[in-house]
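Should a chain be cited, it is by its letter among A, B and C, assigned in written order, with residues numbered from 1 in that chain.
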Amino acid sequence: MEKKEILTQIRVQKKLPNLKYGLKKEAEAFTDRLFHTLFDAEADLENELDTLATQFSTLVALACWETGKSCHETWDTYVKGLPQILSKLNADAAAIHACDPASLSLEEVYLAYPGFLAIAVYRLAHPLYLLGFPLVPRLMTEYAHRETGVDIHPGAQIGESFFIDHATGVVIGQTAVIHNHVKIYQGVTLGALYVDKDLGNTKRHPTIESHVTIYANATILGGDTVIGSHSTIGGNAWITQSVPPHSKVYHNAQNSIKTNTHA
Amino acid sequence: MEKKEILTQIRVQKKLPNLKYGLKKEAEAFTDRLFHTLFDAEADLENELDTLATQFSTLVALACWETGKSCHETWDTYVKGLPQILSKLNADAAAIHACDPASLSLEEVYLAYPGFLAIAVYRLAHPLYLLGFPLVPRLMTEYAHRETGVDIHPGAQIGESFFIDHATGVVIGQTAVIHNHVKIYQGVTLGALYVDKDLGNTKRHPTIESHVTIYANATILGGDTVIGSHSTIGGNAWITQSVPPHSKVYHNAQNSIKTNTHA
Amino acid sequence: MEKKEILTQIRVQKKLPNLKYGLKKEAEAFTDRLFHTLFDAEADLENELDTLATQFSTLVALACWETGKSCHETWDTYVKGLPQILSKLNADAAAIHACDPASLSLEEVYLAYPGFLAIAVYRLAHPLYLLGFPLVPRLMTEYAHRETGVDIHPGAQIGESFFIDHATGVVIGQTAVIHNHVKIYQGVTLGALYVDKDLGNTKRHPTIESHVTIYANATILGGDTVIGSHSTIGGNAWITQSVPPHSKVYHNAQNSIKTNTHA
């Protein structure tokens, strides 16, 4: 097989003319800059906002968004929401610092907690999702997924003072609803009972009411599943039905233990 | 202790003259370029193939491969397989888009699904593994592991239209065999029942037949374990024995629930 | 809302004057250089040690460390320990190669095992934690967490010849104690039974005695929980109480299987 033939065969199979990986890089650079603009003490705030506006235009051009509004108008709407997002994220950071015995300073939360980064990128992506831009917010949260191991769909609804610790393996589905003061540990899935393409417009992920704590690797599935407020879900618990408020759910170990006392 | 003494002590313990981390960087750059060459609408295909050939020569030189064939010959064999790999990956992307209710476009699958990246790098690494190059394909899939949380050994055998969603924590062992149209979710392990160095040449990971779906965090272990075709394995299931075709295996929750109704 | 007003609102909420993300980047560059200095055959050892000393000064300045000792003195203490850390890490690599049937060469362990990278960064961060620098060692291990999916707190105590395979999702808490020749697989949590801010100075994570193997996704919780030496903890096991030496603990599958034989 000649090189020419190989090239032809590859070209035939490249069917998506708008599959530009430059969009992915731009979305990630935009996300990084947003994050540093809000939190880095050394960011030149005014300049950064101007650069963000330019990056936003580039994203709009690359993503071929068909929206009623002009790009400029959309950015103006989005940027007005940034102070409120920052306020919410400061509350998230405070909640993490207040809850984790291993946390020594608020600076540590902002700089070193992957859970904080994941929440921040979700809160920055969610308004773009609501504004009707499907691809860029997904690229933003998927970027955070790569950096942190936390996969939050930008369509999820998450209340105030949200805490994720250790982070790796957390999955929060598109139609999950999380109220205020919820704490989640590594490996927790808020997922669908089963997956079928036809379910695209159905609520298929659970609702977590306020002041609920969900320990590591617990799995909560189903769009009708509601974890009542002030409940504690123990590590490894497997839940596919609703739980009333003020409940404690614990996984019972199912182990066999053999000890060789003569070893 | 003097600086000179520290230097001497460190030098004494550096025992591997071929431990060149440049190889790792080159393998990752090669993987990135392969991926973009196949999928990015903006890649200059002809130039990219030439650069890939040069990068391949560098990898061969760095990895000190002892092979019967010349480097040039090996590349020629590998590059001829690229159109077929691309064809398989397009089928994988189509399967992801067809199955996931949260997926809005095929572009989203290519750009934002870590499961697609993991499968792509596996399919690009596997032929090099079969050609007898042990280290570079491992560096390739380990690169994808870092980016996606999916650890697929390049020696695994994976059929067509393979789907991984959410991705983080998936482990597919060296001797696993996966037939066509299999779907896997986050945290699934296809692993060994136990690990011992002497088992290097034994089939120690399971076989998954066609049209099987394995939901999140299920664990399937053992080289003799066969999941029969058209079976569904529920989330969190723990399986160490074969399951006949057309089975449904569900994990039974083992929870204690206490609700404080007077809170 | 005017741009000026948005800027003012953001500025009001930036409360931490020392939140400099440059510190994070510097800590990561320092970690990378330390790693390559010890392992890369192509590193110019003498120059690298000089550059590391400079980077360390920058870190000290950025982190505003209040310590009794001068920065220079601290670096001198730290650098003297590097040969011993290297010696331990070579033993870790040898243990990985000796145990994993899929490992073909020692080079592969150093270049491609995320578990090795995670252990290396932990061993390089732990002495800085003991020297009383809280933030930089956390940034170091969190960097490794991002790259590998392994979250080891720099305060954990880990003995010799430690092995982590597949890596993603491992969490080892601040007060965990791990003796020699321990093997751990993906998704294992050595965590706290419950989390409360007041527990900051309490031992809340388990002790793993020598020659223990813990298979994938097992969870071991509690500061009083001791896994006795020479024990094997099966995958998915859930342990919140001590286990005597020479024990084998296995998770019993709790599955329902239905097979449609007429399909």
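In the analysis below, a residue touches a chain if its C-beta (ideal position, glycine included) is under 8 Å from a C-beta of that chain, and two chains touch if they have at least 3 such contacts.
All figures in this text were calculated on a predicted structure; none of them were measured in a lab.
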Count the residue numbers both chain B and chain C use at their shared interface, divide by all numbers used there, and answer same if that is over half, different if under half.
different
Expressed in ° and rounded to a multiple of 5, what is the rotation angle of the C-alpha superposition of chain A on chain C?
120
Please report how many Å separate the Cα centroid of chain B from that of chain C, as a whole number.
24
Quick one: which residues in chain C touch 2 or more of the other chains?
149, 168-169, 187, 217, 251, 253-254
The answer for chain A against chain C in the complex is residues 36-42, 45-46, 49, 79-80, 82-83, 86-87, 90, 98-102, 104-108, 110-114, 147-149, 165-169, 183, 186-187, 215-217, 235-236, 251, 253-261, 263
Quick check: in the complex, which residue numbers of chain A touch chain B?
1, 3, 6-7, 9-11, 13-24, 134-135, 138-139, 142, 145-146, 149, 151, 153, 155, 168-169, 171, 173-174, 187, 189, 191-192, 194-200, 202, 204, 217, 219, 221, 230, 234, 237-240, 243-254
